[in-house]
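Several structures are given next for inspection.
The two complexes that follow have subunit A in common; it is paired with subunit B in the first and with subunit C in the second.
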Partner chain A sequence: MLTAFARAFRTPDLRKKLLFTLGIIVLFRIGSHIPVPGVSFQMVRKCVDAADQGGLFGLVNMFSGGALLQLTIFALGIMPYITASIILQLLTVVIPRLEALKKEGQAGTAKITQYTRYLTIALAILQSTALVATARSGALFSSAGGGECVPSQIVPDQSLFRIVVMVCVMTAGTSTIMWLGELVTDRGIGNGMSVLMFVSVAAGFPSALWNIKQTGTLGGGWVAFFTVIAVGLLMVGLVVFVEQAQRRIPVQYAKRMIGRRAYGGTSTYIPLKVNQAGIIPVIFASSLLYIPALIAQFSGSKSGWALWIRNNFVKGDHPIYMVTYFLLIVFFAFFYVAITFNPEEVADNMKKYGGFIPGIRAGRPTAEYLNYILTRITWPGSLYLGMIALVPMIALVLFDSTNSFPFGGTSILIIVGVGLETVKQIESQLQQRNYEGFLR
Partner chain B sequence: MTVAFSIALIIFSALMVLLVLLHKGKGGGLSDLFGGGMSSSLGGSSVVEKNLDRITIVVGSLWFVCIVVLGLLLKN
Partner chain C sequence: MTEAHGSTATPEHESSDDLGVDETPPGGKDRKGRRAAAEKPEPKKKSVFARLAVFYRQIIAELRKVVWPTRNELVTYTTVVIVFCLIIIGIVYTLDLGFARAALEVFG
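On to the complex of A and B.
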C-alpha cells in the first residue's frame, strides 16, 4: 500500500498531478478562513464557539467545512454547485429539450454542464444574499445569543453598500471554487468538485473529535474519543464493503462477421451496484427536510404549525424526524436509480449489438428481468443508506451528547465514495505504466 | 479609501464570475460527482483557454488582495 504511494510519487506526470491537486486544496482551505470584509471576525469567533453545530445549518455548514458559520469568502462552498446539479438532473426527466441534449452525447453533456454553471452563479447570488441578510439581522446565531456573543454585532456597518459588497464577494468566491474544482478535474486527480467536498467534510473531523475528548467524562474523555474512532473505522469498513458490492449479470455477445473481420463473441457482464444511487438520496432527503424548518424560522410566527415544526423537525433526535428522514432516503434511492438506470434502454442497446443474457430472450423480457433484479437489489441498498444516515442521530440519543457525532453517516459516505473513486483513478494511471495498484 | 476598495472589489467580483463562466466546463453532472464513469477528457487546452487561465489568475489574485486590504481597513 505504502510502496504504491511511493511509486505514484515517483511517476513524473502523476506526481505533478498529485502536487497540483494538493496546491488547489491548500488554496481552497486558505480561502475558507478569510472573513468577508465587513464582518466582525472576533464576534463571529465568539458566536461560533457558543453555537451548537447540530442545529439548522449543521449539514450545510458541514459541506462548507465550517466556513459558512464563519462567514468567510468561500462561505457557500460547493453547495450551490451541488444544488444546481441536482436541479438539472431532475429537470432532464421533466424537460424534453434537456433530455434530447443528454442523449446527444458529449456535446449535449457539455451544454448541460454549462447550464449547471449558470445556475450555480444564480443560486450563489440567492444564497449569499440570504446568508448575509440572516447574519445582518442576527438570526444566524439566534440560538447562541447571550454571554459574549452579540448576534446583531456580527455586521457592524449595516449600510446597503457594505451588504452589496459582501454579497458580491461571496458570489465571486463561489465561482472561484467552481473554477478550482474544474482545474482539479482537468489537470489534477479525481473529480475536482468531489475532491473539494471531501476536503471540506474531512476538515471538520479533528476539531469535532477533540470536542468529544474535551466533553467526555470517562477517563479524561479518552474512552469516548477512542470509542468514536473505533466505531468510525468500523463504519468505514462496512461502507467500503457495501459500496464495492455489485451483482454481475452475464451478457453474451453473438459473433458477427462484418467484411472479413469477426466481431463480438465475447462474454461480459453488466455490473449492478447494491447502492447504485450513491449518497445522492441522503443529500436529497436532508435538503428537503431542511426546508420546513427554514420556513418556520423565517416566518417567525408563533402559530401551531410553526411550533410543531420547531419541536419535531429542527432537532435530529426526534422520532418523527428520524422516521421521515429514513423513508425519504429509501424513496429517493429508488427514485434516483430509476432516473439513472433505464432497463429498457440497456436492453435495446444490447439487442442492437447482438447481446443477450443467457436464458432470457432479447428485447422486452430482458428489460423486465433487469428491472426485477434492479428493484430487488436496491431494497438492501436503500435500507443500508437509511441506516447509515441515521447512525449519528442514534448515537446522539444513546450518548445523550450535545455535540454532533463527527463520523456522521453522510460524511462517511462522502469520504469513502470520493476516496474510492480517486484511488481508482490514480490506480488506472499507475497501471498504464504496468505498476501494481493500491486496490487488489 | 474604503469606498474605492469596495468599488474595486465589486468590479473584480463581477469580472471573476464572468471569466469563470467563460471557461469551458470540465466534467460535471451529478453522476460524475459521486462516482460515475471515469470520463477523463483528453486533449490539451487551446491557446484561448490558456490565455483565459492567465487572465483569471491575475484577476483572482487582485480580487484576493482587495479582500485582504479591505478587511484590514475595516478592522481599524
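On to the complex of A and C.
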C-alpha cells in the first residue's frame, strides 16, 4: 500500500497537484502563527498556556487549528467561508432568484460563488469584530486570569485606530484563506474548503492527545492514552463503514435508435448513501450552537438568561447542550439531504433520458418512490451522525475528564470524511493512468 | 406510503438478480412475526403506534437493501484513511513546531 503512495508521487501531474496542495498547507500554517498587529505576543502566549481547552471558544478554536486563541492573522480560519457557502446553499431554496441562477448553469454558479465570497467577507468582519472586542475587554481569557496572565493586557493600546487595523487584518486573512481554498480546489487535490478544515482539525490532534496522557492518572496516563487511541480507531472503522454503505436504486435505460446506432439499454443504479448529508450537519450544528454563548458573553449581562446560557451551553458535557446538539444534527441532516437531493429533479432527468426504475412508472411515481426511500434511509443516517458526534462526550463524562475533548466525534467525522474523499480522488487519478491504486 | 412499498416489492426482487444487489429477500414468516411483536406493547392506541411500527419496519426493510462494505473493503479503506491521516498530521505537526519556534524568535 505504501508503494501506492510512492507511485502517486512518481506520476508527474499527480505529484504536481500533491506538492501544490502541500505548499498551500504550509502557507496556511505560516499564517496561523503570525500574530495580528496590536496584540501583545508574550501575553497571549502566557494566557494560551494557562487556558484550558474547553470553554466558550473550544470547538471554534479547534476548527481554526488553535489560531483563534492565539489571535493570529488567520485566526478565523476557514469557518466563515464554510458558513457562508452553507447559508447560500440554504438560501437557494428560499429565494427564487438564486434558484434561477443555479439552474442557469455555469454562469449562474459563478455568480453564486461571487455572492458566497461577499457573504464571507461580511461574516469575517462580524466575527473578527466580535473576537477583537472580547480580546480587548479581556473576556477571551477570562477563565485563565491570575498568575502571569493578565487578560486585559492582551491588547495594550486600545485606541480605535488599533482596533480597526486588527479587524481589517483578520478580515484580509480570512479572504486569503478563502483564496487558498479555491486554489486547492482548482489546481490541487480534493475540495479546498474541506482540505483546509482537515488541516486545522489535524493540527490540534497531537497536543490534545498528549494532554490526555498528561492529565490521566492510571499508569502515568498511558492507560487513558491508549484507551482513547483504541476508541478513536474503532470510531474510524465505524465511520468508514457507514460512509461506504449505499442503497442502490436500479435504473434501466431504454434502448433508442438514433440514425443507425443504438443508444442506451444499459442498467445502472443511483447510489444513495446512508449518510447522504456528509459532515455538513455536524459543522453547521456546532457553529450554530456557539452563537447563544457568544451573545451571552458579548452582552456581559448578569441577568437570568445570560447566566442560564453560560451554565448550560458553554461546556460541551452538559446534558442540555448534548441534547440540543443531537437534535440540531438530526434536523440539519434531513434539511441538507432535502436540499441537495431533489427527487423530482432526479425523476425528471431520468424521464428525459429514457431511464426508469424497474416496476415504477416514470415521472411523479418515481419521485415519490425516491422520496420514500430517502426519508427512510436518512433516519438511521441522521441518528448515526448524532450518535457519533456525542459518543466521545458521553464517554468523557463517564471517565470524569473535566475539560471537553478536542478529539471528539466531530473531529473524527471531519478527518475521516475528508480523508476518505481525498484518498478516493487520488485513487481515481491513479487509475486514469492504469495504475492500481491503494484500494484494491 | 405502504401502497408504494407494496407495489415495489416484486420488481425490486426481479431486478436484483442481474445486479447482484439484494441477495436476501425478506422472508414472509419472519415479517409477520415481527409485525405481531411490534404491535404487542400498545394495542389500544393503534393508530399512532401502528403507524410508527410500520414506519420502523419500512426503515429496517430499506436498511436490508443497503449494500454494506465487505470486511475486506472495510479493512483496506480504514487502513488507507488512517495512514493518510497520520501522514498529514505528522506533516502539519512538524510544520507547526517549526513555525511556533520561528514566531517566538521574531516576535517574542
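Simple rule for what comes next: the second predicted complex is superposed on the first by the 438 of 440 C-alpha atoms of A that agree within 3 Å, B and C clash if a C-alpha of one lies under 4 Å from a C-alpha of the other, contacts with A are read in each partner's own complex, and residues count from 1 in each chain.
Everything that follows uses one rule, which is that a residue touches a chain if its C-beta (ideal position, glycine included) is under 8 Å from a C-beta of that chain, and two chains touch if they have at least 3 such contacts.
As the structure is a prediction and not an experimental result, all values here were calculated from the model.
J.: Touch test for A:Ser194: subunit B only (first), subunit C only (second), both, or neither?
T.: first
J.: Regarding the shared-chain residue A:Arg7, is it in contact with subunit B (first), subunit C (second), both, or neither?
T.: neither
J.: Could you look at A:Pro250 and tell me whether it touches subunit B, subunit C, both or neither (first, second, both, neither)?
T.: Once the two structures are laid over each other on A, A:Pro250 reaches subunit C alone.
J.: By the touch definition at the top of the document, which applies to A:Ile25: first (subunit B), second (subunit C), both, or neither?
T.: Once the two structures are laid over each other on A, A:Ile25 reaches subunit C alone.
J.: Let me test your reading of the model: by the given contact rule, A:Glu368 touches which partner, first (subunit B), second (subunit C), both or neither?
T.: Once the two structures are laid over each other on A, A:Glu368 reaches subunit C alone.
J.: When the two structures are overlaid on chain A, which partner does A:Lys213 contact: first (subunit B), second (subunit C), both, or neither?
T.: A:Lys213 contacts neither subunit B nor subunit C.
J.: Where does A:Ile34 make contact in the superposed view: on subunit B (first), on subunit C (second), on both, or on neither?
T.: both
J.: So in the superposed three-chain picture, is A:Lys351 touching just subunit B, just subunit C, both, or none of them (first/second/both/neither)?
T.: Touch status of A:Lys351: no partner.
J.: By the touch definition at the top of the document, which applies to A:Phe241: first (subunit B), second (subunit C), both, or neither?
T.: The answer is second: A:Phe241 touches subunit C but not subunit B.
J.: Per the definitions at the top, what is the overlap between the subunit A residues touching subunit B and those touching subunit C?
T.: Comparing the two interfaces on subunit A, one with subunit B and one with subunit C, the shared residues are 34-35, 41, 420.
J.: Given the complex with subunit B, which residues does subunit A contribute to the contact?
T.: Those residues of subunit A that touch subunit B are 34-38, 41, 73, 82, 85-86, 88-89, 109-110, 112-114, 116-118, 121, 157, 161-162, 164-165, 168-169, 171-172, 175-176, 178-179, 182, 185-186, 191-194, 197, 278-280, 340, 417-418, 420-421, 424-425, 428.
J.: Show which residues of subunit A lie in contact with subunit C when the two form their complex.
T.: 1-2, 5, 22, 25-26, 29-30, 32-35, 41-42, 45, 198-199, 202-203, 205-206, 233, 236-237, 240-241, 244-248, 250, 252, 267, 269, 274, 357-360, 365, 368-369, 372-373, 376-377, 379-380, 415-416, 419-420, 422-423, 438-440
J.: Enumerate the contact residues on subunit C facing subunit A in the complex.
T.: Listed in rising order, the residues are 1, 4-5, 7-8, 10-12, 14-16, 18-19, 21, 55, 58-59, 61-63, 65-69, 73-74, 76-85, 87-89, 91-93, 95-96, 99-100, 102-104, 107-108.
J.: Quick one: in the complex, what on subunit B touches subunit A?
T.: Subunit B residues touching subunit A: 3, 6, 9-10, 12-14, 16-17, 20-21, 23-35, 38, 40-41, 45, 56, 60, 63, 67-68, 70-71, 73-75.
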